[in-house]
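Once you've had a glance at the structure underneath, I'll fire off some questions.
Chain IDs A, B, C and D follow the sequence of writing; residue 1 opens each chain.
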Amino acid sequence: MSKVVSMSEAVGRLVADGDTVAIEGFTHLICHAAGHEIIRRGRRNLTLCRLTPDVVADQMVAAGVVARLVFSWLGNPGVGSLHAIRRRIESADPEPLEIEEYSHFGMVGRYTAGAARLPFFPLRSYAHSDLPAANPRIVPIASPYGDDTVYAVPPLNPDVAIVHTQRAGADGDAQVWGLLGCQKEAAFAARRVIVVCEEVVPEAVIRSDPNRTLIPGTIVDAVVEAPGGCHPSFVQGYYDRDNRFYLDWDAISRDPALLEAWLDEWVYGLADHAEYRARLGADRWAALAPGEAWSQPVNYGSYG
Amino acid sequence: MSKVVSMSEAVGRLVADGDTVAIEGFTHLICHAAGHEIIRRGRRNLTLCRLTPDVVADQMVAAGVVARLVFSWLGNPGVGSLHAIRRRIESADPEPLEIEEYSHFGMVGRYTAGAARLPFFPLRSYAHSDLPAANPRIVPIASPYGDDTVYAVPPLNPDVAIVHTQRAGADGDAQVWGLLGCQKEAAFAARRVIVVCEEVVPEAVIRSDPNRTLIPGTIVDAVVEAPGGCHPSFVQGYYDRDNRFYLDWDAISRDPALLEAWLDEWVYGLADHAEYRARLGADRWAALAPGEAWSQPVNYGSYG
Amino acid sequence: MNWTSNEMMVVAAARRLAGERVCFVGIGPPNLACSLAQRTVEPNLELVYESGAVGARPARLPISIGDPCLVSGARAVTSQFDLFSFYLQGGRVDVAFLGAAQIDRRGSINTTVIGPYERPKVRLPGSGGACEIALDAAKVFVIVPQSARSFVSRLDFVTSPGHVPGRAAAGGGPDTVVTQLGVYRFVDGEMTLVSLHPGATLEQVRAGCGWEPAVADDLAETPPPTDEELTILRALDPDRVYLG
Amino acid sequence: MNWTSNEMMVVAAARRLAGERVCFVGIGPPNLACSLAQRTVEPNLELVYESGAVGARPARLPISIGDPCLVSGARAVTSQFDLFSFYLQGGRVDVAFLGAAQIDRRGSINTTVIGPYERPKVRLPGSGGACEIALDAAKVFVIVPQSARSFVSRLDFVTSPGHVPGRAAAGGGPDTVVTQLGVYRFVDGEMTLVSLHPGATLEQVRAGCGWEPAVADDLAETPPPTDEELTILRALDPDRVYLG
């Protein structure tokens, strides 16, 4: 059964005001297209969960979509700060932003507990740090064997997880290669899952390599084909990170007026991500295209 | 740096009397060749860890190698019982066998805790079952959030893990497709790791598909090339399960004299697994060969 | 067409899969029941195996839960950590099958030992994944040949808990038990015969039960296997490996 | 050849990698130090990135820890769960690099906030993986530009604990801190200058330190970068993205 819909329909149907939304992807496969559609549709009061809120998070916060941020690293990677978010945190400008802060492993542990229906996830982080004082949900837990103590983090179960992948079947089987982040855990932890992909491929492609499936269609609610949907982040084998954008964002994000103009031009002023892609222009896309480096295929064998 | 050695050298150097040894592989990739070499070298007092002690475990127990079994399912899959092991447990014949019993998830959790240096692993299994009474190492643990209680299992850190894979690089990077079992967790939990493979392949093959690497060479101590080393279990894409052997084993294992004769003929009487392979004969191997079903390759892209 | 009580058992189980989606399945009768259901009442049934094969499309009758035919052409393959954590404990399995060496009136199951644990008369395989399946699957179906030896008033060991007092409501014990004699469901946690297979008698049920079995007021007769069901089923297991 | 204090900092860090095997590495100076070490003192150094790239062989200078050039041709790629659980917490990382916005005499590090946590003067990125790196890596190297603003007597926030009282011995705080002025190690948990880079003075060290820094009795002078080191280093970062 095909679950392929437009981004507009997926976000319209599956992301509601007040939802807890996980948009994961660690440097890789960060779905800007979904973030833009959420902004375009004027969603409000979202709790945005993301290990590394970066440019798209700064855009969503600036657009007034996000009331609360659950995260572990906040920044414009390789460049510096996210100024819209900093204004909210440092000066409540234009309004306060609630934050709930962990380390990376803590966030991964939270999704894992959520996906596994565990009441907590134990880890060795946080001892002697100020993080438990800053976030009272990080608590010590004694081992039932001997006198070892570790820390616990609580489960995180987003209302919706949005996962960008290289290829997916129409019924949602999502295959990923390169950096995997914690998208699998986030998807299994979520009540609803939107898979966004570079390409919808025939089921036979998926089933030729079942080990490559990160997320099975059985837990997926909608599939959106959005080639280029991670720009300016990258998709292994499809396009490189557009570093110029990250550098440019620093100046844009420092100036609320510039930021507003950017949102007008690149989000509100465009009907969908296909227009964004076209507006970037063929030359810019061509400059991001990698060379080819194909995996050596493996034989699963036919047993009939 | 090549770590490729013979099975004899790997077992001789890395498996000692009294060791805790994990030989994992869930129906798939069960390294009989290593079990046979351990028998051949007369190792004693091993603690054998394996979710599913099956034919090779019955052989190792019958040969007097194993003093203690840590497991979650004991049987000749699809056939019935392991009679050598049953004699030891039911009648202490010829001597008692110590057992430590979990469920599958409990065993997986134990390896995971061992690999992650956690003092325990929490799971929802065991409530209202008699397993915690049979095994006092399975204990309840209260959630630090609310009044939920789950169970804990303790970490399992084998002295050595033996993992069979389809292909490996000479320095130990091991790639697997098909059923993955819990070999990754067992290997990371172990102090020493032996990778046995169907084929040692050039490093370029491995590096063409880094997502396929289950175990990185950085944690591997020895690499053994042993094609056919999982017979009578199977290797996806290489050979099918030899079901006749499993059926035959039932009668052999029921009769200590037959079992002893089998060990004489197929283990003690052979120098190594190459002789075992040859003795099985080309026709038997040909009957186990699957057809071809190749994965669709993926492009990682070259970024230079 | 004539049929055997084993065939009736598998057919009755298959029919109960109507409306289910993700099914955690074992080898033998459960696998046959699922394959039959896919071809009759529930074409969209997704098969998940304990070995980690997800959405399997076996090209032959699998002879083990890890048969390579379950992997080639599957939708996904997962590690056991993911399988047990995210699929099973995570609540992504709608229905799961269990077998039993012993089962009691509450649907608790023993697959560990006959006799005392420390020195058993018969050492059985043990839990495998059964303990977590019993606790984590949304719904549990049991397929078990019924006899006074398997339907016992007191288990020698509880491997997989059933409708025991104090257990949380969600997935609180098996939903259905199917034998060669009939179909049982649970009423107030008590195994209750709801349907008798054609040809089977209440006397056989009582003889094959270590306690006085509860019988539903509206006890039904199981509709016999249809020709279509039998034709499909026999094609699935032409050598009668599991049909006997 | 002439050289800059930044180059000296990277070279000094690279030399400390002799004998190490698995290195958890960040972008920028740590990455340059590792690449230089691979080409000089430690050809077998394995680079593991927080993003999950293991045994990376980048064909260009990576601009982020998740640069696709770290994946193509890598030995392995792992999920973040596996990376943090099995590599880092599991004790498979021999040495890891940390940066710092603030560091104190015990080697504790702040990368979270300047000012109070609830209403910070400057909101910094936060822990990322730094908290677990500080606690789990067998050995921690810190590369940090030294100034009275970064070397502080009291941290605004402890993101990554150093040699704090009561901490378990294993991996108990940073092993080495490298700045543009010198190399520090820890003596009884106290950051101690052990080597002064050529051209740097104790006065500069004291001016760039918010406390009276301990100085080793046998304070050494760091051997200056060799021509070979400089040639390799500059080829690694021809546009001086990180060398400045």
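As a convention for this text, a contact is a pair of C-beta atoms (placed from the backbone, for glycine too) under 8 Å apart; a residue touches a chain by one contact, two chains touch by 3 or more.
Given the structure is predicted, the values throughout are model-derived calculations rather than measurements.
Common neighbours of subunit B and subunit C under the contact definition above: A. Interface comparison, A-C versus A-D: the higher number of contacting C-beta pairs is recorded for A-D. Averaging Cα atoms per chain gives one point for each, and the point farthest from that of subunit C is the centre of D.
Once the centre of each chain is set as its mean CA position, subunit C and subunit D turn out to be 57 Å apart.
Remark: subunit A and subunit C have CA centroids separated by 40 Å (rounded to whole angstrom). One inter-chain figure worth recording: subunit A and subunit D are separated by 28 Å, centre to centre, where each centre is the mean of the chain's CA atoms.
Averaged Cα coordinates give subunit A a centre that lies 37 Å from the centre of subunit B.
Taken residue by residue, subunit C touches two or more other chains at 53, 67-68, 71-73, 77, 85, 89, 136, whereas all remaining positions touch fewer. Residue positions of subunit B touching 2 or more other chains: 112, 117-118, 123-124, 177-178, 180, 184-185, 211, 236-237, 240, 290, 293, 300-304.
Interchain contacts give a graph that is no line, ring or star and is not complete, per the touch definition above. This structure has the following touching chain pairs: A-B, A-C, A-D, B-C, B-D. Contact residues of subunit B toward subunit A in the complex are 117-120, 122-124, 137, 139-141, 143-146, 148, 150, 152, 154, 166, 175, 177-178, 180, 205, 208-209, 211-212, 236-238, 240, 290-304. Contacts from subunit B toward subunit C in the complex involve residues 26-28, 51-52, 71-75, 77-78, 81, 85-86, 89-90, 101-105, 108, 112, 123-131, 134, 177-182, 184-185, 234, 236-237, 240-241, 243, 290, 293. Subunit C makes touch with subunit B in their complex at residues 27, 50-53, 63-68, 71-73, 77-81, 84-85, 88-89, 108, 112, 117, 119-132, 134-136, 157-161, 164, 166-167. Across the complex, subunit C is touched by residues 1, 112, 115-118, 173, 184-185, 188, 206-207, 210-211, 213, 216-219, 300-304 of subunit A. Note for the complex: subunit D touches subunit B at residues 21-22, 44, 46, 53-55, 57, 59-60, 67-69, 71-77, 82, 85-86, 89-92, 136.
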